[in-house]
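Structure in structure tokens, see below.
Per-chain numbering from 1; labels A, B, C and D assigned in written order.
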Amino acid sequence: MTVNTRPGRPDPSGTPGRPVMLGQNQYGKAENRVVRITRDGATHHIKDLNVSVALSGDMEEVHTSGSNANVLPTDTTKNTVYAFAKEYGIESAEQFGIHLARHFVTSQEPIHRTRIRIEEYTWERIATSGAHAGPGGGDGAGHSFVRKGQETRLTQITYDGESWEVVSGLKDLVVMNSTNSEFWGFVKDRYTTLKEAYDRILATQVSARWRFDWTGDEQEMPDWEESYEQTRRHMLQAFAETYSLSLQQTLYEMGSRIIDHRDEIDEVRFSLPNKHHFLVDLEPFGLENDTPDGAVYFAADRPYGLIEATVLRDGCEARIPTDLTNL
Amino acid sequence: MTVNTRPGRPDPSGTPGRPVMLGQNQYGKAENRVVRITRDGATHHIKDLNVSVALSGDMEEVHTSGSNANVLPTDTTKNTVYAFAKEYGIESAEQFGIHLARHFVTSQEPIHRTRIRIEEYTWERIATSGAHAGPGGGDGAGHSFVRKGQETRLTQITYDGESWEVVSGLKDLVVMNSTNSEFWGFVKDRYTTLKEAYDRILATQVSARWRFDWTGDEQEMPDWEESYEQTRRHMLQAFAETYSLSLQQTLYEMGSRIIDHRDEIDEVRFSLPNKHHFLVDLEPFGLENDTPDGAVYFAADRPYGLIEATVLRDGCEARIPTDLTNL
Amino acid sequence: MTVNTRPGRPDPSGTPGRPVMLGQNQYGKAENRVVRITRDGATHHIKDLNVSVALSGDMEEVHTSGSNANVLPTDTTKNTVYAFAKEYGIESAEQFGIHLARHFVTSQEPIHRTRIRIEEYTWERIATSGAHAGPGGGDGAGHSFVRKGQETRLTQITYDGESWEVVSGLKDLVVMNSTNSEFWGFVKDRYTTLKEAYDRILATQVSARWRFDWTGDEQEMPDWEESYEQTRRHMLQAFAETYSLSLQQTLYEMGSRIIDHRDEIDEVRFSLPNKHHFLVDLEPFGLENDTPDGAVYFAADRPYGLIEATVLRDGCEARIPTDLTNL
Amino acid sequence: MTVNTRPGRPDPSGTPGRPVMLGQNQYGKAENRVVRITRDGATHHIKDLNVSVALSGDMEEVHTSGSNANVLPTDTTKNTVYAFAKEYGIESAEQFGIHLARHFVTSQEPIHRTRIRIEEYTWERIATSGAHAGPGGGDGAGHSFVRKGQETRLTQITYDGESWEVVSGLKDLVVMNSTNSEFWGFVKDRYTTLKEAYDRILATQVSARWRFDWTGDEQEMPDWEESYEQTRRHMLQAFAETYSLSLQQTLYEMGSRIIDHRDEIDEVRFSLPNKHHFLVDLEPFGLENDTPDGAVYFAADRPYGLIEATVLRDGCEARIPTDLTNL
């Protein structure tokens, strides 16, 4: 293969004998923001996604010599996202990601593996007054939305031409228990000054990923939308209903509740920052702040405890990477 | 007044005859994060605020010579926020800000004017299964919350010892109409390439401030919580119910609806970025994307149209600053 | 004027007799990211700007009826930014903003006032090894850059057809004095617990705006690039060289130094958050942390003192808005 | 072990026979912001770090029953960071992290593995005028700093009681070549519309991690500060000096240059977003934008190409996780 033969350009090929190897690599277009509106008469539906494509395969040459002969441009992967949204619709983020991953692996010989990551933003309908409807359906009931703004829903689809891995999840779901949390009986060393707590606020910003047992086309596919709603509900309820002696215990209960109730899920990974709420010392001002009713807290930013763990179905292997955050 | 007389320090006083004057100035502690939990039996309530204090007054000396003789430390203003949350509770952000502003102006002779700004974060209850209740009320029904995460509620209280100004509002409320929006009949000059649109998405991230007619203790105070809920509702409904020929028209209707329905409000200011959703050109792929059903859009980040305006009650004077954003 | 006459659409005009007025309003395209590369042989130069356009004028109709007959689309204002960057170049952000503002006010009859805001990002050259130069100038010396990443340079140009206002400045310039700062002699009330400090860290993130005395074409225009470099230098030196008894004193000296040295500037506004560095109490671990050498600090995020003031040339009127931040 | 025996609390222990296992888990205090100032006479030095601690070990009980008997509180890990900064100083981020990791693993029997992550912020001296020195050294030359604000330096130390892994790196270093970049000869499928480019801007925001060959106390430790400076320099020079036919080729050269020149480094991982600068089409306005001099570009935010790869010393095993970002 000849590359870079236009006159006046240096030869970019590596020095022979250079003691360097190429390791894992991937490329693609990240953060393609695609919105699709479907109309069911006057009632509209929104799918609002942020889609990132990563392709791997026979890519040695583009790194060592700059030859793009095996490179489908990232721009093309972007175009494919938008074209597929039109051609196939977006039934769910997971289904859409599966369509995309299959396409790249099966249509491009040099591409051996595709990973699709999707963020999904949720919208809810604006309740209208009913008093302003016009001939054009101006009352907004079916086509007016406010972004929910709570968690961001996530999914990651990986396909290597043989088997599938689907990991869904969410981030930025902030929850609080204003009681039923304690923390005591811990190790004390030379640097320990923390006092035991018998009634504290427990708050966290949930980042969770769960892996489905679905790996191949011969299995029945889960109902991705229903699965998400139920998994989220069990997780929230476990948080609310657990009398907590440590954030680890709450985390483990959140994961176990999902494994208990959702057969399609084999593994859950959590990253839970402890959003500290410190009781303010008001004694210098002659005020007591130790009665549960009317307690005043300082909500701290940094530093924060960070609790991370994987909860698995018995006998399953852990496959979700352990670093959901970079800190 | 003598300052800075400890040996070995330079004289910080200004050079006499320097042609420099001090203009408007203010200081205080910003972003005091205060959370207060009240308990009504097993049912708890949260107030979650971010409070910023700004004091003005007889502060020439601290600027020109460094004398702090008139300076209440910003640390003290922080302490006051937390102490007041305990002593007086937080009935509403507005009521809390009024308490604080009155305190600083009336208790400190050099302080002539106080401005309190508050951000409020809203929480909603987690629906529990009812199946896991324990003796400690472990079912979470009354003490478990998820942050709503939609808009951030805002208020600003200003007091100069004589009259009050209360400006409330919100930011980051993202709304969309998937139809009933057009844009045509505009000016065309040498640099105009935009095509007319007869059915487009209209989406924006609402930043709004509204000024109350309440200015003094002799007037009856509005019900701040009820006022917020109703103002937000009218604003959303106006957005949903307006058949829009321009974002300006929608903005004006949103403001007018508030003025129409909320007697306690005299002025509204909006800053509405036009969150563009562009129809993707899919013709190169042999796909049509011009049918309303199943249309696919690219949600763009930058640049964006930015529409800003004030809507006033007839005969009232505009007092809300026109720059809600820095761009 | 007839608008919105296509069948099936509601009449958007306001209800007659509605007690509502339109106040100040403006619109335009915000955050147009324009980069221009000029080549001086193998030596290239970058101008990297973020340009926001805001137009005001005879815009009543677009708000009340949705008629766009006076509306130059925001998309056109974007096109104009890019076209002007090609046609006229970008000598400086200020000069570029002046070109744009003049164009909109003079070419569009309904537009009476234009405000251009610009952020500028600075790049510096990458020092190359000189060992790898190829025929194409591959050594990078003239065309390879790293973003400086320190402050963001700002300017705002306002033109109403008669006179000009130019306010330049910067944001996000983080500075620290590790000594020569004290804070004592302050007011103490019931809520004061702060101890006096005789040797503390003083750190802040400078946000500053300065207004030029240049208001019209009959005056000689300042050298905008030189003015920025010198103003920044005086500000930094004043910060470094001031023995500080309060952040207010440092602020005032920073402003005064600019007024003293830069005849073209009449007014400076600062917003200086006090980036607190608290000495950590290490006594529980048997460690002293009160010796100046090797002192260990906790760098706090929130809350923070916020000090804001205007410094003016004697006899000048303050015109920079006092709210540079929203907190 | 008995936990949670205070009356009125539910039994938190797991249901026997529940088909759930605990997988990898870790906990600790994240984002401890520690600043240490050392004084060499009037010349001061800053170390400004953000330290995150993650501990793993015998932690089954705290997850399943809430017993904290093996849990050193995250608050204690925070205290240790500050105490160690005083006791041992901060010679480098790497050296500091090694101290901390060794401490937790060797002093707490249940803790088998520690990971310390550190971000470091760089400051440079403010050049003073020399004209304002006072008795207190008020000229600022030795104690006045401005934050460099370019890249953030990173390191991660992992210790399991036997061997060490040190991975250093940086993020947010934005670089640009304004020429010497092409992109052509790529695969074209049904969705490809991109045109070939023979002279384009190549810009990226470098995120890089490099792993040292140092794994144990019997080896001589690298000079961490010198290593960082040289590695960064080689990386920047490789970016500048490479005539690029693809961002992959530039990435590979950046990694290879490090492997070539820094014997202490065995592996490098890059995540390089392609910060697209698109030539603006100015033909509709009668302007040509295809001459290299004075070309005008639109700097796009999203979507962006994302190029990620590992470069290894021949014969070494890849150990840096392949997901440096979450997209």
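Just so we're on the same page, contacts are C-beta pairs under 8 Å (C-beta built on N, C-alpha and C of every residue); 3 or more make two chains touch, one makes a residue touch a chain.
Just so it is clear, the model here is predicted, and its values are computed rather than measured.
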Chain pair with more C-beta contacts, B-D versus A-B: A-B
Chain whose Cα centroid lies at the greatest distance from that of chain B: D
Chain B-chain C separation of Cα centroids, rounded to whole Å: 21
Rounded Å distance, chain A centre to chain B centre (Cα mean): 29
Inter-chain centre distance, chain B versus chain D - centres from mean C-alpha coordinates, in Å: 35
Chain C: positions in contact with at least two other chains: 9-10, 33, 79, 83, 134, 136, 138, 191, 193, 242-243, 284-285, 301-302
Chain C-touching residues of chain D, taken from the complex the two chains share: 33-39, 44, 46, 48, 79, 82-83, 85-87, 89, 123, 126-129, 131-134, 136-141, 143-151, 172-180, 201, 236-237, 239-243, 277, 280, 282, 284-285, 287, 289, 292-301
Residue ranges of chain A touching chain D (in the complex, touch as defined): 3-4, 6, 9-10, 12, 14, 18-33, 52, 54, 59, 62-76, 78-80, 83, 107-108, 110, 117, 183-189, 191-194, 198, 242-246, 248-249, 251-253, 255-256, 259-260, 267, 269, 273-274, 302-314, 316, 318, 321-324, 326-327
Chain A contact footprint on chain C (complex, rising order): 8-10, 134-136, 138, 190-191, 193, 284-285, 301-302
